Amino acid sequence: MIVAALLVLLAATVALMAAPDRFRGRSAAGLGAAASALTFVLLALAWDGKASTSGEVDVAWIDVLNARFHLGLDGVSWPLALLTAFLTVLCCWWLARSGAGPAPSARFVALLLVVEGSSIGVFASLDLLLFFVFFELALIPMWFVIAYWGDPKDQAGRRRAATRFLLFTVTGSAVLLVGIVVVAIEAGSLQIADVQGTHSVLAASLIAIGLAVKVPIVPLHTWLPDAHGKAPTVGSVLLAGVFLKLGTYGLIRLDVQMLPSATAEIAPYLAAAGVVGIIWAGLVCLVQDDLKRLVAYSSIGHMGFVVLALATMTEAGVTGAVFGSVAHGLVTGLLFFLAGGLKDVHGTASLTALGRGLYERTRWFAVALLVAGLATMGLPGLAGFWGEYLSLRGAYEEGALDRSLAWTLLGVATIGIVLATAYVARFVRMLLQGEPTPIDTDRDLRARGVVVALVVPILVLGLWPTLLTDLLGSGVMGTSLLGVGR
Amino acid sequence: MIRRWPYVALTAVVAVAVAIWAIPELDQRAFFGYVPTNATPTMLPSLSLDTRVLPDSAKVMLLAAGVTLLVQVYSTAYMGKDRRYRSYALLIVLFLVAMIAVVATDNLFVLLIGWEVMGVCSYLLIGHWWEQPQSRAGAMKALVVTRFGDLGLLVAIVVIGQTYGTYSITGAWVGAADQGQQHGTAIGLLVLLAVVGKSAQVPLQTWLPDAMPGPTPITALIHAATMVAAGVYVFARLLPLYGNDTTVMTALAVVSGVTMLLAALFALVQHDLKRALAWSTVSQLAYMFAAIAAGAADVGISHLVSHGAYKALLFLGCGVVMHAVGTSALSAMGGLRTTLPATFWTMTIGFAALAGIIPTVGFFTKDRVLESIHVATHGETPLPGGVAWALLVVAYVTVFVTAAYAMRLWMLTFLGLPSKQHVEPPSMTWPLVALGVACLALSIGEPLDLDTAALSTLVALAGIAFAWWRQDADLPGPVQRPLAAELGLDHPITRLIPAGTIGVARVADAADREGIDVYPRGGAVLAGLVSSAVRALQTGRVQVYASVIAVGAFVVVLVGVIAR
Amino acid sequence: MSIPIDWATAGPAVIVATSALVALMVDAFWPRRSWFASSLPLLAGLVGGFVELGRTGSVDDVSAALTFVILAGTVLVLVGATVMSDEDSMPPGELHLLLGSAASGALVMVAARDLVTLIVAIELLALPSIALIGLRQGDRRGIASSWTFFLTSVVSTAVTLMGVALLYGSTGTLTYAGLSRELVDPAVPDAVVAVAVVLTLVGLLFKLGAVPFHAWVPDTYRGASVVIAGFLASVSKAGALGALLVLLAIGLSPVDDVWVPVIAVVATASMTLGNLAALRERDGVGMLAWSSVAQAGFLVAPATAVLTAEGLSAPLQYLAVYALANLVGFTALAVVLRTRGSTSYDTLTGLARSEPWLGVPLAFVALTLAGFPPAVIGLVTKYVVLRPVVDDGLTWLAVVMAVNVMLGLAYYLRLVVVLVSRPADEPDGITSRPAAPTGLATAAVAVGTAALVVLSVLPGLLIDHLP
Amino acid sequence: MPLLYPLLLSSALFGIGLYGVLARRNAVMVLVGVELMLNAVNLQLVAYDAWFAETLHTGQVLTLFVIALAAAEIGLGLAIVMAMFRATGSIDVDEADRA
């Protein structure tokens, strides 16, 4: 099923690349949406319960290195893979319907599909080398997405932002590769399940540092606001909704689950960095003028919660990290659709340039932004809350941290929630409220279905969190998750 | 023209459903001492729709549903011409649902969700007229301050969940009953933080007066009768988890004592009817907390219900007045006794209840609060006796001040000479009448302690006499000025903390743009320099190349020799 | 009475050398100047080399693998050289003679098991290479490059010879076996041996183009015919790397405390400086030249662990992919140079759109060298070279390598971007360009790219089968 | 004779040769420098050979090879110098650089 899903994407990508003239505009986006939807269905069907690894594929690949073409999904990766496919469907839908921003071209859609496929590949990989291959695969397509279809007004800037993004993440993944090598040597295998339990602080640190760039963890985050500021709308959505997840997923799978004893030794640093990120991002958000940069920093804050959660290495924490990742994909995806949509329509995402009174001027944008804002500040009842809650719960349980540190971090992290409230209230006040100042580029949201399609799961997950947490169950920290069936 | 009746009908349906649900529960055993069974502990966060409606919950539910329905009816006239009536009316319904969830649920997460959704409804409704700067500012302040408090509830739930292994309130009660109150101080103080924020107690009191730019019916509903009072309810609801803790109870007593007197004094010096009523609400909420601190949570809930009725009445009446004179400034009022007769009579009942004049419900419930504090001075509750005595004194002083400001407001609004004619739309007066009747009807069956009643009536009458003596004169300057400035307590929340935070944020932003980037930028510059240097060697001069080789050979030989 | 000759070792080299002579003869006596008449004998010799290799194998698996790489690389160079077949200034007989001689020099280098043979082999590779660079008649740049390569080469050879002499002076033997035996002897003077060992390595590191012996590389690659530059970057390096590995693994194994830090430092410097210098390159050949300096670092880095089985095989696996990618790249650039007259980035802009059969392979080569998917094989070989380094405890070196992957990507990606960008102005009619015999070379590019693609899907085909 | 003498001489020759290669402008003089360096090596090899007095005479064998190689190198070098002269009319190494 997983292979079939990847092949569907490959076929669609090849078709789009090979015949860019046949698929123009909406037909390209339509093909992309159809392929992603089919992928979504196939991945959804691949699930056979949390008791075993779903859709496992395990064939020889490189014997000498003991690298195998080994794919499979479990409760941690399955929701993320589904999220990836879901967001890509929405991206293609948005391209077809938004009516602003870059026109959907075949190559653009093809690159999005590559990003999607490689991300799903990362989530599904049960082999370290395969993981890394997929991890790297999406980078160059993403570079093109930002550099070619980014901010149409700032060609040099988007190029620079794209290159920054690439060099930062590649440096990170290079360090990650060294970490993988260390693990492979220590454990003598590249299979995640076999490697599990190896004690190598060096490997855990290298992997954590490498992935910290991707997550991103402060102070390795400075590529993110630039990239988001210049990326096209759907690029931002995938960057935030999917790419950042590669980092958090990697931390869960490769550090917390694969090298638990070693990760426990670096967990305090990770947790502290995560919390610093929460506060730092919250503060910076308070004075951002560019809505897209603001959302980018808010992402960093959310990722801070996720990092804190997984660094506790408790059941609640890891569950929270997964939940936070999925919820962040939906919420920040929505925010980027809206912020990007505004930028596409008006040519700028500057709060001052966009003017005030959006409630009056473009009601759909305004209400959707409000809902997304409420979700991003972690309003209970919306998806964003549970990740934060579980993260605090994990910190309270201490887990891999000692009590004074854990509780200090918990206290500081909660300040981040207030900061989030403040910056959301600030942009609501500056942008949505106020005496309307209509400008002639005003045009309301077109692809409303995309927004609805995101709000619904945000609400559903907010009110029915067990839908997701039940996938993980009590095995999330144990060996049962990956060891089943082997 | 927007059709308004569907929203009233919708609210009515919800209200009737709540009534059908809640009324049978009124006869259950008391709120406390209830020993629940069948609690199923769960480790992972789970929402459940389990409810646990006890008599006091039923009362609060009925209050909420009733006031909401009345407000919705009232709003058809008050907000009927508003362009955004639809979102307004729908948010009221959403608010009601959230309130019912908070009151009825047995699940801490549902409680939290309802709690926060109420907060958001409050935020959106305060900012309903978002074209006005003070609406925007008030809304943002309300949201941020209450959410700061809400963190207490969030963390409290974390602690409860971890301590008792369940997110069921009943389950936690059982746990606390079986194993004693674990972490009571922490849980209690955290919940206290939450309710201090929500119920606008000192030191987070200042958002409530600033929330007054919202539509007046909303003030009546959310910022007087229900949401702010929900803090009291929730604190009482979770009391079994920390009720025996002296620290928590003392803290609560201190907060409530300080709040009730300060807020009453602030109310005394206001020149704005609505703002004065807002401070009055803060003060009255403190009474309820005082009752809980004294160990009489059911008394607190009784006062909650009674206050809900008369304060809703007062705010709705205030709305009629504002509708008529176009402002809430007391200076613009006076003489409305004849031009707004229905409003005058109903609000008179309301002010009487506020001042604690027999036979309004306010009199009875407040007396019970005073009595319960008096009982607490005997030292049989977790509250230390000395604190209880101090609280009792403050409470009586506050009775005096309350009566004084109630009288003052009543005089300034209704007495004097009429200026011009006004109209009272029937859909606005009916709810007033209904609430006025309720303020009297709820007294039926209330117990009466003669000593307390006599004393409190005397004090209240003294207050009224004081107000009559002062008429519309301000207090002496040295007292008036700091009180009118609300002691500058708002300064930290509106000025210092935001300014400080923004200052730090600017530094962080600058550091983020220019500071943290030093390492990649520096790296890039360094790479550029090295690149130039390496390429500068490529002059095409062969002998330079050969020299590089010779020198290079020398260097690597050194490396080899040193390594050896 | 017969002289014992180890044909397994010498066979391919002898066959190739002989065929090179035949090629010269054929050219000399063929009635008309014919490129193919003289290239066919050499091709036959190379095929014969394969056959011989298949029949007898080589000294060991490592040498066999290297022999294979050298033969295959020379075949690709031979095919690629056909782009010059209509140039009057390029004498085919001499070209094929020199090519064959240099190839046999490389073959001997990897089969050498004593320093005397090694020295001769180095020169057998170097001298024809020098001549190849300056072969085009009347080409001043070619002559200048040839002079550059000549002078730097003789200096480094002299330094190596000095090292060899000192080694001989301290041990009394020049066979690898003898050296590994004698160097254990505590009587051997430490410092002298250290100097001798390092000096001996200079010549090989020079051939690899490793910093600080790299200065000739950019000038020479630019000045030589592009195909010949490809030869230098692949076959010549294969020979040098093979000789280095064998020398370190066998002859100098007792003194690894001397050469491990030297190799590590040289690898670090090569990767870093090569990559940094390449960052500013705006020419296809120039970029590949600097990149080959950087890649030399990646090639020798795992040699720090050459005493382990993995440290011996990892550079080979990296080399195989690197050589193939480089040859495809240089050949494609040679075709571009013939048809467009330049290999600057301005010329290459939009190549993947206008001539996908050249542009796409070039892009794929860039990604392979960068080690990035979709060129998975590049990534896998990066992984392969990291393993022994980490295993040997040189984690810092591994991190340096990893960071250099990032630096490398910066300029490889620039080439990719150039190739796929829309040209600023439409090329002024491809028809006006001189028709050139590029068919065979293009076919070679296609085959090489296909091989890289297949290896990217199934890296095991290569990785599993090299020693 | 102590081994030291020929070694000292050899070092001196090598240094002089290196100087010639690195510093002389005249291409022919550069080639002479190359020749000096190689012969310094030869001298050393022969000295060691004599010192070891081994039966295989490895040093002398290598010396013979080096002589041959030197000849080949110089031949090639001169050819390049000739070509250079034809192309630029000069045998100044800097002229060659500018070619």
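As written, the chain order gives the labels A, B, C and D, with residue 1 at the start of each chain.
In the analysis below, contacts are C-beta pairs under 8 Å (C-beta built on N, C-alpha and C of every residue); 3 or more make two chains touch, one makes a residue touch a chain.
Just so it is clear, the model here is predicted, and its values are computed rather than measured.
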Selected pair, greater C-beta contact count between B-C and B-D: B-C
Of the chains shown, whose Cα mean is nearest the mean of all protein Cα atoms? A
Suppose each chain is reduced to the average of its Cα coordinates; what separation in Å results between chain B and chain D? 95
Round to the nearest whole Å and give the separation of the Cα centres of chain B and chain C. 77
Between chain C and chain D, centroid-to-centroid distance (C-alpha), Å: 27
Using mean CA coordinates as chain centres, what's the gap between chain A and chain D in Å? 65
For chain B, residue numbers touching 2 or more other chains are 540, 542-543, 546, 550
In chain C, the residues touching two or more other chains are 144, 147-148, 151, 155
Send over the residues of chain A in touch with two or more other chains. 167
Every chain pair meeting the touch definition is listed as A-B, A-C, B-C, B-D, C-D
List of chain D residues in touch with chain B within their complex: 18, 21-23, 30, 93-94, 96-98
Show which residues of chain A lie in contact with chain C when the two form their complex. 60-65, 67, 118, 129, 132-134, 136-137, 139-140, 143, 147, 163, 166-167, 170-171, 174-175, 177-178, 180-182, 184-185, 202, 206
If we count contacts the way the header does, which residues on chain B are in touch with chain A in the complex? 43-47, 109, 112-113, 115-117, 120, 123, 127, 130-131, 135-136, 139-140, 143-144, 147-148, 151, 154-155, 157-159, 161-162, 501-502, 504-506, 508-509, 512, 516-517, 520
Hey, which residues of chain B end up touching chain C in the complex? 527-528, 530-532, 534-535, 537-538, 540, 542-546, 548-553, 555-557, 559-561, 563-564
In the complex, chain C touches chain D at residues 115-116, 119-120, 123, 127, 130-131, 134, 138, 140-141, 143-144, 146-148, 150-151, 154-155, 157-158, 161-162, 164-166, 168-169, 172-174
